[in-house]
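Everything on this sheet refers to the single structure shown next.
Going by the order they are written in, the chains are A, B and C; count residues from 1 in each one.
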Amino acid sequence: MSGELVELTATAAAERVRVGELDPRELFEAYRERAAADHLNAFTWVADATPATVASDGPLGGVPVAVKDLFCTRGVPSQAGSRILEGYRPPYTATVVAKLARAGAPLLGKTNQDEFAMGSSNENSGFGPVLNPWDRGRVPGGSSGGSAAAVAAGLAPWAIGTDTGGSIRQPAALCGIVGLKPTYGACSRYGMIAFASSLDQAGPLTRDVTDAALLLRHMVGHDPCDATSVEFPGEIATPRAEHLRGIRLGVPEELTTAGAGVEPGVRDSFEATLALAEALGAVVEPCRLPHAPHALSAYYLIAPAEASANLARFDGVRYGLRVDGDADLISMYSRTRAAGFGAEVKRRIMLGTYALSSGYYDAYYGTAQKVRTKISEDFKAAFERFDFIVTPTSPWTAFELGAKADDPLAMYLNDFCTVPMPLAGIPAISIPSGLAGGLPVGLQLTGPAFSESRLLDTAYALERAIGFDGRPARR
Amino acid sequence: MLDRDQVLHVARLARLELTNDEVERLAAELSKVLDHIEKISELDLSGVPATSHVLDVVGALRADEPMPCLSPEAALASAPEPLEGGFGVPSPAT
Amino acid sequence: MSDDKRYEPVIGLEIHVQLRTRTKMFCGCPLSFGDPPNVHTCPVCLGLPGSLPVVNARAVHFGVMIGLALGSEIAERSLFHRKNYFYPDLPKGYQISQYDVPLCRGGRLGEVRIHRVHLEEDAAKLNHLGESGRIHGADRSWVDFNRGGTPLVEIVTEPDIHSPEQAREWLTLLRTTLRTLGVSDVDMSQGSLRCDANVSIRPTGSGELGTKTELKNMNSFRFLEKGVRAEIERQVGLLESGEPVVQETLHFDPTLGRLTPLRSKEEAHDYRYFPEPDLVPLLVTEELRAGAAAEIPELPAERAGRFERELGLSPDRARDFAFRAELGDYFEQALAEAAAAVAGDGARGANGAPGAVDPVELANWIPQLVERIGSETDPADSKVAPSSLATLAAMVKAKEVSREAARDVLTRLVREGGDPRAVVQREGLGALSGEHQLVEVVDRAIASDPAAAEQLRTGNMKAIGPLVGYVMRETKGRADGKEVARLIRERVNTRS
């Protein structure tokens, strides 16, 4: 029975709960057992019991949600994948998580992630790497690797993660599921342990586009506790498009060709999907995003710079790890941070501090923010001719654990196709477009700010046409 | 591009104690990353304004109304060194 | 000496003002003073992971009021920046402040130009265990976050101040202005007004600026003046011995009464400013600006003008009373009470004072009062009720008591309070000005000092001094000085 239960999409399960056909506690327990038996290291914490009551009348139908470790969950460990916060239990809950709970999605567990959301393979976690359910010798992508693996392996009906440079979309692509990064400001960041404040956004990781829309609908909204959040115009609609007539899709050569580093298998899947789109009635044409090749450089200046400041609060004074508290103050700071942060985090703090430092600000951070302006302008111009822009999500499929561990720059290239969108603050979704060498390939669609409903609709139509039903072998 | 002294200077600003190995490694890794990133300096960005905020929103303000505070116990719950009702630390040199 | 004419001191002030909002700058925690530690904290002001700041509208309102009062240009759009450094009283590892796009630029108050005014948050309070609570020698410190996040306005002047006295006077004017606006308690002893000084010297007449040092921790007006004076002297001493002034920060130690260099600033701070991504640009709309302007009451400069124009005070006196609000308030209170007394009682006041008091005469008596109670005391806190001073002034004007005797009366009022009329009666200090009362004494005075009398006869006016003195002593100061002098001159010539 529980085997069937976990086959249901979240939407279907919620519907059954709401009409009384399914006991939400039974659903919760089914997932809780699976999550607790997790062999992918996808979870850092799982609820140790099913709640006494699970509301069944909310729009999310009591369907439990897995939440990335960096969302503050009151009284429950919230570690952002870092040893410096090992065991930290915050006194408050992130707004987005609270909203979902109120809408009827109780907390199933906290998922593993790259430390402080820095990474695209989930090998940077302080609590061990997450394994890809499609091939446990491979990475699930990152930084929301735990959330993606959990959903792909049926350990959670749906999950939320965060996306700064691709951290929802890329793991969704590598795990064969749906992941969406909303417009900047659409979801509250209050309670999200910050990586890069001007880029971070919370978003859904789900089995299909319908589930993503349902979850997103209850995540968006202005929060008085977040000055950068805005009221989402209108409601996120339920996707239902069956064709793409009248839709113009732009294909930027800067992000889609072999010259851009896209692997042949991914390229083939991408081309096949474009053909499907045309068959559905879409007009598919090349477009230009002239500054997209520089997006990675801008991103790897802006994000680490903001992160270097956001992570300064981890100093052993008020919470978290403290090392050598009996030494002098500066030594305590320096040794605490050295012991608590992993190598990638240190790298980015160093990079960010350097980019902001006296004499270098203009050349690095200052220049990067100008490149960002150009990237935004490129998208604006493109969206005058096209409804959406389409690219592969990741230039390659899931690589082997350890394959890029020694080469940070090679690792950063994972984000090539996904970083331009957060720089412009626009939404983007990844859906599975097929397999290459037996591993999932993701297709990315991006649209103008606040175009989520139409974006989801278009993704839905493509999803139907693609008919991806691949599942990693279940254990 | 980034030499040992620069790495040590930045590490000091960031309050990160590094081993000798780490200093060497970081110098190499950061230099490599910066080499790649440096290409943006070749772009013509004259007259382009920097994006400081990607949202087209201004002026989000909060009314001057008191909100509930954490109890001192909750505030100190995760303190590594609760002391005299506050957060204990080594005394700064100045 | 700071009066050394060879060198001109060049002083700029950097002032931090805690605002009288109900809550903190970026969160809804109430502002508190003297409460147990860490009772007013939340995830935001504790810098907990995931917390975010939101700007306090009233702090912006107060900031705009200050900018308008100082004649600054208010930026329609300004930015918050992060100022990054590590210290236990800084929970996020950065302070949210304003950098190159501040709320206000320019302006002027009195003789000093304003460079800029901006908003920021205060640090928390770092306490030290160990002797006398001073850092040196303490083993452990601990942090109380109640104060952390209090809204601050930072005001930076141009280096337009040229003496320690001027620094003190100008800061007094600023304090009065801010108090009048109602935006802050501006109490230096409580830390709601803090002032650092940048001091350099240059040869008088030189247009170049010397190297400046930064003076911190002068937490009273007296210490400010003292500290600035000491630093000027120190710099003069250096230059005189051929040594250069080194840029450094000096900390005023109140127990030692002098400045000591702040130790171990091995590296100058690199604050790595960048725009605060958690806050959107601050907009000062026309509505916000008008709202702030509407709340600005009469400011010291205007008040001084009104005292001159409408009450006939001299410019200096008008300035003194306007720039020290306590004096102006007391003065106007006394005038009002006297006027009310007259209005209620026809030609004579309820306390018998004939007619309303003359403002100029009353104004003469305020410095006399201040002399007796000390310049640090608010006259309203003394035992001399404003109406009493008004009565005394009226009595002098009406020659019911001599000026000299009135001083005596005032001394007694300061000591015991009460009604001047009663004091005069009790002590028998009523004026002696009738000829019949004085002539006899005047004649005795002339007889006692024939040499002086002779000098006077020959036209040496200064010789009248000893003779007047004799009469005043004999009459215990009750005689009116002018009247005495007149009588002496008359009698000296009628007698030979």
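Just so it is clear, a contact is a pair of C-beta atoms (placed from the backbone, for glycine too) under 8 Å apart; a residue touches a chain by one contact, two chains touch by 3 or more.
Nothing here was measured: the structure is a model prediction, and the numbers come from that model.
Across A-C and A-B, it is A-B that has more C-beta pairs touching. Here the chain at the heart of the shown protein, by mean C-alpha position, is B. Centre-to-centre separation of chain B and chain C, using mean CA positions: 41 Å.
The geometric centre of chain A is 59 Å away from that of chain C, both derived from CA atoms. Spacing of chain A relative to chain B, judged by their CA centroids, is 23 angstrom. Of all residues in chain A, those touching 2 or more other chains are 88, 91, 198, 224, 227-228, 308, 312, 315, 317-319, 329-330, 333, 353, 357, listed in ascending order.
For chain B, residues touching at least two other chains, in rising order: 13, 15, 52-53, 55, 57, 60, 62, 70, 75, 87, 89-93. For chain C, the set of residues that touch two or more other chains comprises 43, 46, 54-55, 86, 88, 143, 270, 272, 277, 279-280. Residues of chain C touching chain B in their complex: 21-23, 27-30, 36-43, 46, 54-60, 77, 79, 86-88, 126-130, 135, 138-145, 262-265, 267, 270, 272, 275, 277, 279-283, 285. Against chain C, the residues of chain B that register as touching in their complex are 12-13, 15, 52-53, 55, 57-67, 69-72, 75-76, 83-94. Residues 43, 46-55, 82, 84, 86, 88, 91-94, 143, 270, 272-274, 277-280 of chain C touch chain A in their complex.
Listed in rising order, the residues of chain A touching chain C in the complex are 70-72, 78, 80, 85, 88, 90-92, 94, 189-194, 196-198, 224-228, 305-306, 308-309, 311-315, 317-319, 329-330, 333, 353, 356-358, 361, 365. Chain B contributes residues 2, 6-7, 10-11, 13-18, 22, 26, 29-30, 32-34, 36-41, 43, 45, 48-55, 57, 60, 62, 70, 74-75, 77-81, 87, 89-93 to its touches with chain A in the complex.
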